[in-house]
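Next come two complexes built around chain A: one with chain B, the other with chain C.
Moving on, here comes the complex of A and B:
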């Protein structure tokens, strides 16, 4: 064991230390971000495809992110119908969004941003299967 | 009683029924200490050989290297050439064990707010293992030995200079060291106190196998020492009996020696001493006496083994807690911050958070009404989101300030004592764990009270624990980063300034007020604790309209709760690792 006065941390140790910090930070960001996107395996809906032929998309599941706009209608059995504005290709595109009654607890307001997993239902509306705030 | 004779590095000692060979306990051979930036070495070609049971003085004019030599022997300063041997062992290969070395520096190592007995008890408990009863008995014995028994309940801060030096010596005796080094412990004392301390040290040197070396300016009481070592300009000019001192230099009195030294180059004095035709030996009687006492050495009741990590940690923690409550200014300041900071936050929401008026969602309303709605909503959004986001960031910044106040002086404020205690065997990890224990209490109280108070007055919605977590983590992270700063700076002012900058940059770089350019944001945000705490806190409002409004107005992306907690934990660990290495490094001044 050398004398006390000779004990000093080497610059290499500091470099390794900061590299480890950056690596851990990066790994954390990677894993938690992955974990924070619950619909990452679901295809993103392109509004153009929907506008072009919504019927052809019936039964398909997509993810979509946008802002609640106007309330278009309400039925106790079917749920709430909204216009939902999605940014795509630099444009703001409205889509019809049906929120089934099982989500009635959620206080939906104009301007709220949501990330949704939707299914194109038999009426060619985007019916929400899962939703979380963006 | 017996006979002794010196042959080279050895003493041959003969008793009527036994013959023994005793070697010098301390040997310095061609010792040199140079600084990279300095042309002249601080110490050069020092050859010194001293036996056990010996009381030696190191004297010389100011700046001659007396204290430097003592620190080099202690291992505080790294010698650049030569060897130091203790009891035949090369110290470069195996350093002095903490219990072997007693080092009394020029400054006081006692905590002024603790009593004499408490200082001694804590010193003993940090340096050696033993039951509470054994430690108490040892402390009483040392008090009696050093004449401190009548002062045992007096605080160190009110002791006189002589009493304080006595306490410093007593603290070193808790491990009964065999090498006892005292640096200028008689400086500034009146002649009576100086004589008392000198006599005390002389008495300590008569313990078996112990070598006591005292660096002193004073040339009084030189006859009390077994040897006098004279240094000049980092060179050894003389080392022998006090009776030979004046004769060697051709002086009538010791006071004439310093002017004589100044008349010649230090190298000449060094060469003259090396080529001195007659090696002046030490008193044979002292060596014989040492052997005799060694043979009848009594066993002490308390083991000189270092206490374990846990024991040192709990001792350090207990003393820190006691010091905190013994310092009214510190306790009042902490209490004031604890009460005032949350109160300041609630000034902005003393009546609770405002209600959010929602926009009409019906497409049937006319365009003018829709436009008016949108305008009202935008105006309200700006106000409420600024309030909610601002209150969150305000709490974070104030907690960060408390964190910086907690730790900025924690290491550097008592650095000298910490260095001394490390030399005496305190593990850096134990000191750090003790600090973590103490600071954790502050962090929990500060973040807990801030969360509860602001939440109650501002009527914040959301989960209580989820809101407490980012606040506790950011306080802990900033506290630990400031502890790191404290352990790497050389003054309290530097540490305070560094910690203040750390907190000051949090607000602008968090993006909570003004969004940073995208690339800069990605580079900077990982390092900004306030950003992660702010994001983590706002995520707890996710199910409320407040979150929507903040999201609608703030351009800075909000991180999720998990990644926020992860990054704050990394900051906390980063600070603690920096603090560990900072505490571990040698920083004697």
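Moving on, here comes the complex of A and C:
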């Protein structure tokens, strides 16, 4: 028994074990990642399109991820207007972002990163429907 | 002799001088050199009647030295003709030549021969013989010849009178004969015996009477004719004598009026010799006095009370000669004292009266020359005052003061300074009118200034300045209107000084100019700021500065040029701004705001972007 107890595992076993572990880690990571993007079914907004003609995007819903830049205005009825800087194509593009009053509980500050689901409203503004910290 | 008589001498002399020279020259009464006193004698202006010298008798006002005649007014000192004549005299050589000496000797000899103490037929003939010789002297002007002719005329008349006397004597003898024959004829009829019968006697008497009448009738007729002839001859003789006298008197009066006083004395002595009847009544004065006006009488007294005889005329001539002699002596004395004004006046007075007298003619030219400069300058001063050249007049006054101790500058300087002051006043008003744009007043004031002092140096200067200013002003206003219509505000800004001055009186244009200048001023400020930012490498800021100026003044070429330049240097930023503005114009608020935000990313200090962001944010957040 003791001789069997002192018997070293084979390298092949170790290799197989490592491979299995890596596979499980990779799968886990894959699945965990899929679960962290809540708007993975929503199309990402291309800022160039918005710059080009925001009116043509009215009614569409997009997801965007970026950083709160500046507060541009506030209204009790309409909520808060921010400049939201989006990284795209290797450069930051600021976009106007309207955060409706229902998100008033959320403290929004410059520099905070958010992942947002937005809809281009009737005024061709990006109006937040859902938001989560990135 | 009283002053009244002397004044008469002066004016009669002047009458003669005027008659000798030319028509009198009228001098404007307003002339400062010839102030006519309010009390100057003004003569009755009757043109009718052909009396001696007409009905208007010359009058002389010794106070103002003004003489009036026939509606014309002279100042004795100022009359151009007199001044010229006096200057000619001052420049002429004294008459000391051989001919002049002979002439004066002859005149003296004649006067001596005809003096009352030496009066005789022989001396008369000697003196008469000298007359033609004296007449050869040119300055005598042939007056001795005229006198010679007059004497000859008198002698002719006297010869005629002698003939009449002879004729009358013959007629008287015939008259005596006829009277004797008549008496004889009357007596001879009574020689025969008368019939006894009364009827026959009566018939006989009738026949005798008829016979006597028949004999006497031719005698009585002839006697009447002789008597008539004698009476006619007497009248004719008296008429001839009177005519000869009057003709001679007229000559004497003429010589007196011509101021030929020596000739007056000579003619008088000839007259007395020729007409030794003691009748020395001056008949020509009657005509003269009959036409004297009342005003003239007030000034000079009744001329009818003045010279009435040849003797008085003789006395006046002697008085004039004495007066001239004294005047010349006074002249010499004043000359020694360097009182040229008084010396000149005394000599001119003496010259007026005794131009042809030896005292005047023999005055050395060296003495006369001493006052010529003063006289010439005085005359120039008067001329300057007459033509209102006060600058020249003032210079002459200073010169006269320097050369003559007694020159009184008060009167001319008063006239000069008054004219200067009034002219300056008008010019000041003209300037004020020009400043206020009152062209009518400007022209009136300039005209007044010109009338007062035509050669005022300031006049040309001021009027030139005013009119050039007016021209420049008008030109500037025209330029302003043109440039404003062209919206060439930059050019207006470049010439702003000219336009500011030109539009000072035009409120509408002034307001336009202010707007233009403000606009260009802003553009200039934008350009300056842009240049400063460009120096620091801030092309976006430079563009933005220019762009802001451009929005206010899009037509400025400088702004356009700078805008184009900085557009290329800050292309991304400019694109963001322009796209934002374009989107805003299309009411694409989202895209526009995004572009403004992008522009702010490109150039954080952008005011255009900031304003756009604020503007759109407000719009978006509006309820």
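Throughout what follows, the second predicted complex is superposed on the first by the 127 of 134 C-alpha atoms of A that agree within 3 Å, B and C clash if a C-alpha of one lies under 4 Å from a C-alpha of the other, contacts with A are read in each partner's own complex, and residues count from 1 in each chain.
Going forward, a contact is a pair of C-beta atoms (placed from the backbone, for glycine too) under 8 Å apart; a residue touches a chain by one contact, two chains touch by 3 or more.
Quick caveat, the model's predicted, so the values are computed rather than measured.
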Chain A as common anchor, with chain B and chain C clashing or fitting: fit
First, second, both or neither for A:38, with chain B first and chain C second: neither
First, second, both or neither for A:83, with chain B first and chain C second: both
First (chain B), second (chain C), both or neither touched by A:72: both
Touched partner set for A:101, first chain B, second chain C, both or neither: neither
Partner chain in contact with A:54 - chain B first, chain C second, else both or neither: second
Chain B or chain C, by number of chain A residues touched: B
Partner chain(s) touched by A:92 [first = chain B, second = chain C, both, neither]: second
Touched partner set for A:133, first chain B, second chain C, both or neither: first
First (chain B), second (chain C), both or neither touched by A:24: first
Vertex chain A angle, Cα centres of chain C and chain B, expressed to the nearest 10 degrees: 140
Chain B and chain C, minimum CA distance [Å, superposed model]: 6
Those residues of chain A which chain B touches in one complex and chain C touches in the other: 72, 83
Contacting residues of chain A [partner chain C, same complex]: 47, 50-55, 69, 72-75, 77-78, 81, 83, 92-96, 98, 120, 123-126
Of chain C, residues touching chain A in the complex: 579, 588-591, 593-595, 597-598, 600-601, 613, 617-618, 620-623
Interface residues, chain B side, partner chain A - complex: 75-78, 91-95, 358-363, 377, 381, 422-423, 526, 542-543, 545, 547-548, 551-552, 560, 562-563, 566-567, 570, 574, 577, 581, 584-586
Residues of chain A defined as touching chain B within the complex: 1-9, 13, 17, 21-22, 24-25, 28-29, 32-33, 35-36, 68, 70-72, 82-83, 107, 109-113, 133-134
